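To start, the structure under review is shown below, and the notes come after it.
First chain written, first letter: the chains are A, B and C, and each begins at residue 1.
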Amino acid sequence: MLEIRDLQVRYGAVTAVQAVSLEVTAEDVVGLIGPNGAGKSSTALAVAGLIRTSSGSVTFDGRSLGSLSAAGRVQAGLVLVPQGRQLFPSLSVADNLRAGAWRLHQRFDRSDVGELLRDFPALHDRLEQPAGTLSGGEQQMLALARALASHPRFMILDEPSMGLSPIMVDRVADVIGRLASERGMTMLVIDQGIGLVRRVASRVLVMAQGRIVGEQTARELADQSAVEAMYFR
Amino acid sequence: MLLLQDVVSALGAGAVYALVALALVIVFRATGVVNFAAGEIATFTTFVAWELLADVGLGFWLTLVIVVGFSALVGVVIYLFIMHPALKKPEFVIVMLTFGLFELFNGLSNTFWDPSPRSFPAPVEGPPIVIGSIFITQESIVDGAIAILIMLLLMAIFRYTKLGLGFRATTDNRFAAEVVGIRPWQMYAAGWAMATAMGGVGGMMLANMLGLSASMMGNVLVFALVAVIIGGLESPLGAVVGGLLIAVVAAVFSSLSFIGTDLATPLMLVIVIIVLLVRPSGLFGQRKAGLL
Amino acid sequence: MSAANLESKSRVPAARRTAAHLRSVARRTWIPATVSVVLTLATMATTANAGFALIAGVVAAFLTSRVLGTGPQSALVGIALAGAVDAPFAYSAFNLTQILVLAIGAWGLVILGGQTGQISVAQGPFVGVGAYTTAVLSARFGVPLLATIPAAVVIGAIAGLLIGIPSSRLRGIYQVITTLAVAVSFPTLLLAIGDPVGGSTGIAMPEPFQAAQVGSVSLDPTQVMYFFALACALVVWVALSRIIKSRHGTAMRAVRQNEVVAAVNGISVSHYRITSFVLSAACAGLAGSISAMSVGAVSPDSFGMLYSIQFLVAVAVGGADSLMGGLLGAIAVFWLTTSFSGIPIGGVQVSNEVAYGLVIILALVVLEGGLWGAVSGVVESRWPKRAT
C-alpha cells in the first residue's frame, strides 16, 4: 500500500534522511526503530506531507504522492499520529475527535464518536474534558482515536510509547494490535526501542543516521542480540 | 434622570465599540493577531459605502450587503499578501505590520476623499421612541440589535460550526491542525475576512453617528481595545459587554462635571491598567499562567 | 595597504610588536571614526566644500579600518560619523536635528525592545514629557534652556518608572494595548491640565543658540543646535553601547530570550524590565528636550499615538537589535513622513501616508532584521577578507 523509494530529507545543510526505501503491504504492520536522531520522525513527517523532501518518492495505493499537501494525504487516507501526541490542549476530547474528522465530508456526530471510541473506553467518560488535562496514556489514546476519526487506511505512529509507563505502553500496544487485527489497519509504527514494536509488527526495520541498516522478521526479533548488534553498528 | 438618558444614549456608541471589539476578537481568535488597523480599514470601506450611496444611488441595505462582501475581500487580500508572508515572524513585527496597515488605510481614505466630515444615512428613519422621559433613537436600537445579532452569530460559529472548530484548533496548535488536514492559511484568511466585514458594518454605524471622516475611528479604536481588554481577547460576549460598558462609563464620566469629557480617556486608561494587573486575561478571558 | 607593510625584514621584531600593539589598540571602533571626523572637519574648514569633506571622511574611515584591521563595522561607523558631521553643510540642519531626535528616541526603544523584548507605544508621550519639561521650566520659570536638559531626562525617567512598573508586568499584546492607551491619553491629559502647560496652544521658547564662528567656518544657529544635538546623541550612543555590551546587557537579552530561564539563573526579570523602561524614557526625555529647543514650541497633539508609531517604525524598519538600526530607521521615518506632500499617481494626489504605510509593510515582510540587518549582512559578505 505504501512504498517509499530513496527518500531524502534535508534541513539546510543537515541530511536527516539519506536514502530510505521501504514498503508496507496492505493490512500489514511494519516497525521502524532506531536511536535518537536516526531520522525516523523526519521520515514520518515527510511521508505525511508535513515537511518537504529533497528527493525520492512516496507512492500510496499505486499513486505517487508527489507534492500533495498534508491535507490532501489525510483525504487520501494517510494519517500521522505525531510524536508527542500534538493534541489540541484547550479543546475538549470530543472536539479533538471532531477536528480529526475535519477532512471528512459527512457530518461527524455522537454515533460516530461511539463507534470511534469502541477501543478507547477510558475516553468515553471524558468527552468534555480539555485534552490538555488528560494523563499521558489517555492522551496517547486520544491521539490514536483522533487519527482514526478520519477513516484512514494507513496510519503512521511516531513514538507511541514516549513518556509512558510500562503498563500504559502495554495498553497502547494492545490497542494498536486490535486496530491491526480487528479493523485491518495498515500501519507503520516508529519507536525508539523494540518493546512495543515487537508486539505489533510483522517485521521491523532498523534505522540509524538517516539510513535503513537492517531488517528483522517477527521471529527473528525474539533473538535480542541480533537486533542490538544492528542497533549499535 | 439626566444620567439615565446619558447612559441610554451612550448605548448607541457602545454598539459601535462592540462591533469593532468583535472584529478584534475574531481576528485574534482565528489568527492570534490583534489588528490595530481595524478602525482605519473600516473607515475606508465606509467611504466606499458612501460612494455607493451618494454617487451610485443604491439603497442602504443593499449597500450594506455589498460593503460586507467588499470588506471581506479586502480582509482576504490583506491576509494573503501581507500577513501570510509574515506568518513566522516575531510578534513585534506582526504588531508593526498592523500599524503599517493603519497608516496605509488612513492614507488611502485621505487620498481619495476630502477630510471634512460628511453626513451618512441611518439604517432607519423615524422619530425617537420615548419611554417615560428617556429618548431612544431608532438608529441606536437597530445598531444595538445588529451588534448583538453579530455577536450571537459569532458565538454560534465558534462553538457549533466546522469553521469555528477550525479556528479554535488552528490557534490552539497549528502543527496539530496541519496533521489533521486543516489548512491554516484558509482559517486565517477566513478570520480576516469575517473581521473586516464586521468592521465594515461598525464603520457604517459610526459614520451615521459622528459623520464620515477619515479620522472618525480615532478614539473608537482605543475604546474598542479597552473593551477587549476588559472582556478578554477571546470572548465575543466579553467584547460586546466590554463595548457597552466602556460607552456607559465614558458617558457617566463625561457627565460628571468634575471630570468632563477631557479626562474620560485617561481615566479609562487607569481602569484598564487596574483590570490588567488584577486579571491579566481580562474579565471574561481564560486564565493563562505566566510570570509576573 | 596592509599592516604587513609595517613589517620589513630589517626591523622585524620591533615592527611586529608595534603593529600588534597598534592592532590591539585599534580594536576599538573609535579610531577610524575619530580619524574620519577630524579629516572631514579639516577638509570642510579648508575647502568649504561639503562634498570634498565627505569624500575625505569616507576614504579616511575605510583606509584606517583596513590598515588597523578593525573590520567592516568600524568603517561603517566612521563613514556614518563623517556623514553626520558633514551633513549640516549640505542639508537643512533643522531637519537633521529632527532626525537626531527621532534617533535618540528610537535608541530608547532599541534598549526596551531589542534588549528586553518589550513593546511600548508610549515613546511619544515620554518624548513629550521631556519636551514639556523644557518648555515649562524655561518659559514659566525662566530656567536657561540648556539647564533644563538634565531635568527633562530625570522627569522622563520618572515617567518611565511610573508607566513602566505596571506596563512591564504585562506581556505581548496587552502591553501594546496599554502603552497605546497611554499614548492616546497623553494629549488629552495635557489639555485637561490646561493653562500651566499652555493648554491647546502650547508653549513657545526662545532660541537656544546663536550663530558661531569656528575657524573659517561660520555656523548659523540651527547648525550650532545640530552639533549640540549630535554631541548629545554621541554621548547617548556611547552610554547605551556600554550598557548593551556589559553584563547588564547580557542579562536583558536573557530576559528577552526566555524569562523563566533567566529567572532560574538569578536574573531579576522585573528589575530589568522596569529599568529598561526607565532608561528608554530617559532617552526619550532627552530627545524631547532637544526637540522642544530646536522647534521652539510644544503643543499637545504632537506627542500622541502617531508620534509613538514613528519611533516604533524606526526600530521596526531599521532594526531593533542595534543602535545603528535605530539610526537608519530614524532617517527612513523622517524621510517618509516629511518629504512628500503627495505623490501624483494617475491624476490622483496620493497622500504620503500611503507610501509610509507601504514602506513599513514591505520592509517588515521582506527584510530580516530591518534595514541595518540587511545592510550589514551585505557589507559583511562583500568586505575584502584578510588572511588571518
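Some notes on this structure:
Throughout what follows, contacts are C-beta pairs under 8 Å (C-beta built on N, C-alpha and C of every residue); 3 or more make two chains touch, one makes a residue touch a chain.
Predicted model, so just to flag it, every value in this text is computed and none were measured.
Viewed as a contact network, the protein chains form an open path, each link joining two chains that touch.
In terms of Cα centroid distance from the overall Cα mean, chain B ranks first. Chain centre most remote from that of chain A: C (centre = mean of CA atoms).
The interface carrying the most C-beta pairs in contact is the one between chains B-C.
Here the CA centre of chain B is 36 Å from the CA centre of chain C. Work out the mean CA point of chain A and of chain C, and you get 54 Å between them. Measuring from the averaged C-alpha position of chain A to that of chain B gives a distance of 43 Å.
Counting only residues that touch two or more partner chains, chain A has none. For chain A in complex with chain B, the touching residues are 48, 50, 69-71, 73-75, 79-80, 82, 86-91, 95, 98-100, 102-103, 146, 150.
Those residues of chain B lying in contact with chain C across their complex are 28, 34, 36, 82, 85-86, 89, 91-93, 95-97, 99-108, 110-112, 219, 222, 225-226, 228-229, 233, 260, 262-263, 265-266, 268-269, 272-273, 276-277, 280, 290-292. By the touch rule above, chain C contacts chain B in their complex via residues 113, 117, 119, 166, 169-174, 176-178, 180-182, 184-185, 188-189, 191-192, 259-260, 263, 269-270, 309, 312-313, 316, 320, 342, 348-358, 360-361, 364-365.
Listed in rising order, the residues of chain B touching chain A in the complex are 162, 165-166, 168-169, 172-173, 175-183, 286.
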